[in-house]
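See the structures that follow.
Shared between the two complexes below is chain A, which pairs with chain B and chain C, respectively.
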Partner chain A sequence: MKLMSPKAFYYTVGKKNFFQYILFGIFVLFFYLPLMNLCMLAFADKYEVPAIIPQKFGFRWWEFVLGQGSLLSSIATSFVLAAIVTAVSLLICIPAAYALARYNFKGKRVFLLSFLLSNAYPRMGLYISIGILFYRLNLMGTFVGVIIIHVLNSMMFMTWIPSGAFRGVYRQQEESARDAGAGPFRTFFRITLPLAMPGIAVASVFTFLGSLEEAQGTLLVGFPQVKTMPVELYGVIMEYPLTAGPVLSLILIIPTVLILFLMRKYINADNLSQGYGMK
Partner chain B sequence: MERKVKLQITGMEKKYKNGDGVENINIDVYEGEFVTMLGPSGCGKSTILRTLGGFLDIDKGDILIDGESVKDLPPEKRPTAMVFQSYNLWPHMTVYENLAFGLEIKKVPKNEIKSEVERGLKLVNMTGYEKKYPGQLSGGQQQRIAIARALLLKPSVLLLDEPFSALDAKIRAQMREELKRIQEELNITVVFVTHDQEEAMALSHRIVVMNKGFIEQIGTPTEIYDHPATRFVASFIGEMNFLTKQDGSSVAVRPEDVTITRGEVQGQLSGDVRTIMVLGHFVEVNVEVENRQVIKTYVARNVADQLHMKDRVSLSFAKTFQYCA
Partner chain C sequence: MRQKTLGKLFPYLLILPSLIILAGVVFYPIAASLLRSFQLEEGGWGLDNYIYFFTDPIQRRNILYTLQIVIVTVVLAIGISYFLAIYLRFSNSWASRMIGRLYLLPRFIPGLVAVNGMITVIRDSGLINRISRLLGMNLQLGLMYNGKGIVLMNLWFNIPFATMLMAAALSKIPDSTIEAARDAGAERFRILRQMILPLTYRDLFVAATFVFMSNISSFTTPYLMDGNNPQMMGISLYTQFNNGHYEKAAALSVIMFLFSVLSAAVYVYTNMKENEWEKGNG
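Showing the complex of A and B:
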C-alpha cells in the first residue's frame, strides 16, 4: 500500500493541497464528531458517563419526546413563528435595503452602523431594556412580542445582505426596463428583485434558521406563554436524562439541513461577501 | 424639400453639483438622420443623451420630440429607446423574454409579439436565439439583442450610448457596418454617442463635436474634417499639425496636405527629415522645422523612396487653417 503512505500522498497532491486536506480533516473532526456523538446518544435507551458507547440502544427517548404534547406544539410554534418573522422582516428590510443600495441620504452611514450596534452589545442587556418597554406595552408573554424580538435580531442580515445584492444589479438593467415602458414598481418587481433574489434568499434562510434556534429573547419575553423548540430544549436538558436532549437537537437540525440543502445554489461566499461590501 | 425636425433641443442646460455639465445646447435632428455626439470623455455627450432618454432632469431649456415637449416625462413615457454600453439585457430572462418585455407592457397580442420578436432577431442576424440566456451570448451578440429590443419599441428616436466600445476592434467594425445598414433600411432617427472619431465619421450624417460641456461644431463629417471651426475640433478630428507663431496664433495643416521637395525652396518652410515610417500604401515622414517643431506628412511611396534621414527638405501646404491664440 505505497499509495496510502503520507509521503506518497504529499507528493501526489502537492504541498498546498496537502495542508488543505489536513486542515479539512481537522475541521471535519471538530465538526462531525460531536454531531456523531449526538446521533449516537439520541438512539440510546440507557447511557451513563463515563462510558463512550451507550449501554443500550433503542427509540425510548424518541417515543418520549414525540409523546409529549407540549414538545410537539413547541415545534409547530417554532415553525409558524420563524415563517412569520421571515415575512415581516422581509417587508421591513427589503425596502430599507433597496434605499441603502440606491440612494444617498444624510446619516446613511450612521443608519448602517446602528444595525451593527445592536449586535455589538451583550444581548441580555438589550432584552432586559426591551422587556421593561414591553411590560408597559403589554407585550410581555405575547406572540407579537416574541416576533418583534426575532425581527430585531434579523435586521442586520436582512438589510446588509440584500442591500449588497441590490447594489450588484446594474443601473443600466433597471434603466433599460424603464426605457422599455415599465414604471418604477414594475421595474423593481420584474427586474431588480429577481436579480437580487440570491442575496435575499440567503438572508431569508439565515433569518428563518436564526428564529428557529433563538432562545434567549424568547425565554425572557415569551416564557411561559410562548414556548418554542429551543426554549423547550432548555427544560428538557434540565429535567430529563442526558439522552432526551440529543433527540430534540436532532429534530432541530433537520429543518436547518433541509433548508440549507434546498438553498445550496444561493448560499456561497459571493452572496455573503457582497452584503458586507467586502468585494 | 423641407425636412421634418424629429428631435429639437433648445437652450438646454444641465449642471451637476460639482459644476460639471452641459450648457447652451441647441441641436435639431431631422427625421431619418444619424447624428453623433463626439468628444473626449467627460465632455457631456452622455449627459445630453441621458437627458433625452429621461434619466436626467434638465435645469433649463426644452427637449421636443415630434414637436412635443418631453422634458417632464419619465423614461417609460418617452418615445425614445436607449442602448447602453453594457449590461443592457436582463440575465434572468431568455432572449425572447428580453425582447417581449416592452411589447407585453404595451399589451401587444401574444401571436403578434412572437412575430415581432422574430422580425427583430432577423434584423440583427440573430434568428434562432430565442431560448438562449444573455449569459450564453458573446458581447457582440448581446449588443445585437439590445439593439433589436430597442428597435421593437418603435422609438421616434433611437439613443445609442457608446454601444460598441466594450467590444473588440474586429467585432466593432462589423457592428458599425450593420448598424448603418439597419438605420438606412428602417430610416430611423438615431442619436449616437462615441469618443471614437473614426466611428463617428463612418456612421453619421452629421457630427456634434463637444468639449467641456459646450458644442464646438455641428456639421457633416466632411465639413468637420475640411473646415474645423475651432482649434479643438482641428486637433480632435483626424491628424493635424500645428505651427505656433511668435504672436501665439497657430497655423494648422493636415499631413496629407503637405508636399515635400528635396532641398531648400525660396519662400517655403524648410527642415530636416527626422523619421520615415512606411504605413502600407503611404509613408509617414516627420520633418523637424524651426523651433524644434515637428510636421507630420503623408507622402506617396515613390516620393518617400527618394528621401533619407536628415535630408534637407522644403514643405508647401495645399490648405491651411488659422487659429488665434
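Showing the complex of A and C:
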C-alpha cells in the first residue's frame, strides 16, 4: 500500500511528471470513463450492486436489441439519408462558401448573421414552427421533409468551414492557372477545390455524423413514416435505459469512431474552428 | 456593361440556394412563431403569453434556474478550456500530446450516449459509488436530479468545443513572438496577461457566445438528468407544446431567442470592434 500513496508516487516520478499524470488522469477519467463504462456494461448480463465489474458477461441485451425487427432497416435508412443530406448540403453550401471567401458584396454581413440567427433560435421552437409549415405543404412524414431539416442543421458548418478553407487558398495560385490558359471553371475544379479539400472534408464529416445522430427533428417531422437509427434507439433507451442503453449507445458510436479514425488526418482544431470569427 | 452587371450579380447567384433554404425553414418559421406568440389562446392579440412567463412564480423560477445553470456552465467551461488550450499549445510533454489527440472525440459523440454514460458513473448506485464501497465508504455524490449534474454534463460537452476554438486561436500566435517577449525579460504571467490574452480575447467571447446559445435551450441533458421542479426552459418548452399550448410555446421560444441574441450581441460587438481596428491599420 505504501507504493500507492500519492506522496511516494510524487517522489518517484518527480514534480513535473507528477502534475502531468494528475492532469492526464483527470482528463481521461472525466471524458473517457463514462464511455468506457458503457462499453463494459454493454456486455453485462448481470450487474448488481455492489459489483464494479459485472457478475456475468454475455450477449443477452445484444440479442434483445438486435431482435427488435425494424432496427436493421432503420440503420440502412440512416446511412442512405446521411449520404443524401451530405451531398445536398455540399451542393447548396459550397457555392455560398466560395462567394463569402472571394467576393465583397452588399448584405454579406447580414447573410453571415442569418446563420447565427438559425442557431440562436431554440431548436425545438424552430422544429414546431417548421412542422406547422410542413403540414400545409404535405411534407410531414416524408423523406424530403427530413432531408430539409438535416440540411438546415448542417448549413452553418458547411458554409463556415469551407469558406475558411477557400480563404486559405492563395489567389496567386488561381491567377497563375488562369495565366496558363485555364478557364474559370477549370481553375476552380483543378486548383481551388483540391486545395480547399481538407476543410470541405471536415465539414462533410460533420454533416454526415450530425445527420446520423439527429433525432429531435426527425421525430417531429418524419415520425412515424421515416424511422432512422437514433429515432428507433431513443425509443428503446427511454424504455430500458440501464439495460439496453449501453448496447444501443455502442451501436450509435461505432460509425462515429470508425469515420473519425479514417478521417483523423483532417480532424484538428484549426480545420474545425474555421469561420467562428466573423471576417 | 452586361459583363459587369453579371459580375456584380455573381456572388448573389452563388448564395441563392442557401438563401432559399434559410428563407423557407428559418426566416419564415421564426416570423410565424413570433406572430403566434402574440395570439391569445382564447382569441385576440396581446402580450399575455409573455407576461405569463415573467409573472407566474413557477415559470419565473424556471427562467432564473436556467440562466443560473447556463452562466455557471459558461464561466467554468471557458475558464477550464482556456487553461487547457494554453497547456496544449505551450507544453510539449507526453500528457499534452495525448490530450491533444483525444480531446476532440467527445465533440462527435451523440448527446444521448454521453448522458447515458455519465449517468452510469455518477448515479447513486453508479460506478463511483461502487468503487467507494470497495474502499469502505458509501459515497453518495448527489449529482442526479439537480443542477449540479447538468453543469457537469454541460462541461463534458462544451470543454472540448471551447478548447478547440481557443487552440485554433492560440496556434495563430507565432512561437517567435512569445520567445521575443521572454528574451526581453517578461515573466510567464505577464506574457499571458499582456500578450496572449489581448490576442485571443475575441475568440474567448466567440466561444462564450456559442456555449451560452447551445446550453440555454438544451433538452436531452435536463430531460434525463434533472428533477421535476424547477425545470430548465428547454423542458418547459416541450411541456407547453405537448399540452397543446402552442402560443405559449412560441412565446417561450422567443424569450429564449432574446437571451441568445443578447449574448450574440457581445459576439457581434467584439467582432465589429476588431474589424474597425484592422481598417485603421490599412
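Basically, the second predicted complex is superposed on the first by the 238 of 279 C-alpha atoms of A that agree within 3 Å, B and C clash if a C-alpha of one lies under 4 Å from a C-alpha of the other, contacts with A are read in each partner's own complex, and residues count from 1 in each chain.
Going forward, contacts are C-beta pairs under 8 Å (C-beta built on N, C-alpha and C of every residue); 3 or more make two chains touch, one makes a residue touch a chain.
Not measured: the values here are computed from a predicted model.
Enquirer: Superposed on chain A, are chain B and chain C clashing or fitting side by side?
Expert: fit
Enquirer: Using C-alpha centres only, what angle sits at chain A with arms pointing to chain B and chain C? Round to the nearest 10 degrees.
Expert: Roughly 90 degrees separate the directions to chain B and chain C.
Enquirer: Using the touch definition from the top, say if A:I191 reaches chain B (first), chain C (second), both or neither.
Expert: After superposing on A, A:I191 lies in contact with chain B but is clear of chain C.
Enquirer: With both complexes overlaid on chain A, does A:M140 touch chain B (first), chain C (second), both or neither?
Expert: In the superposed model, A:M140 contacts neither chain B nor chain C.
Enquirer: Of the two partners chain B and chain C, which one touches more residues belonging to chain A?
Expert: Larger number of chain A residues touched: C.
Enquirer: Which partner does A:Y170 contact after superposing on A: first (chain B), second (chain C), both, neither?
Expert: In the superposition, A:Y170 touches chain B alone.
Enquirer: When the two structures are overlaid on chain A, which partner does A:A87 contact: first (chain B), second (chain C), both, or neither?
Expert: neither
Enquirer: Scan A:R178 for contacts with chain B and chain C and give back first, second, both or neither.
Expert: It touches chain B, and chain C stays clear.
Enquirer: Shortest C-alpha to C-alpha distance from chain B to chain C once the two structures are superposed, in angstrom?
Expert: Shortest inter-chain C-alpha distance (chain B to chain C): 10 Å.
Enquirer: What part of chain A is shared between its chain B contacts and its chain C contacts?
Expert: Dual-contact residues (chain A): none.
Enquirer: What does chain C use to touch chain A in their complex?
Expert: My answer: residues 8, 10-15, 17-19, 21-22, 24-30, 32-33, 36, 87, 93-96, 98-99, 102-114, 116-121, 125, 127, 130-131, 133-134, 156, 160, 163-165, 167-169, 171, 202-203, 206-207, 210, 213-214, 216-217, 219, 224, 233-234, 237-238, 241, 246, 249-250, 252-254, 256-257, 260-261, 264, 267-268, 271, 275.
Enquirer: For chain A, which residues count as touching chain C in their complex?
Expert: My answer: residues 16, 20-21, 23-24, 27-28, 30-35, 37-38, 41, 49-52, 91-93, 95-96, 98-100, 102-103, 105, 111, 113-126, 128-130, 132-133, 148-149, 151-152, 155, 159, 209, 213, 215-216, 230, 233-234, 237, 241-242, 245-246, 249, 252-253, 256-257, 260, 267-270, 272-274, 276-279.
Enquirer: What residues on chain A touch chain B, complex-wise?
Expert: So the residues of chain A touching chain B come out as 170, 172-173, 175-183, 186, 190-191, 194-195.
Enquirer: Looking at the complex, which residues from chain B come into contact with chain A?
Expert: Those in contact with chain A are residues 53-55, 74-76, 80-82, 84-92, 101-102, 105-106, 146, 149-150, 153.
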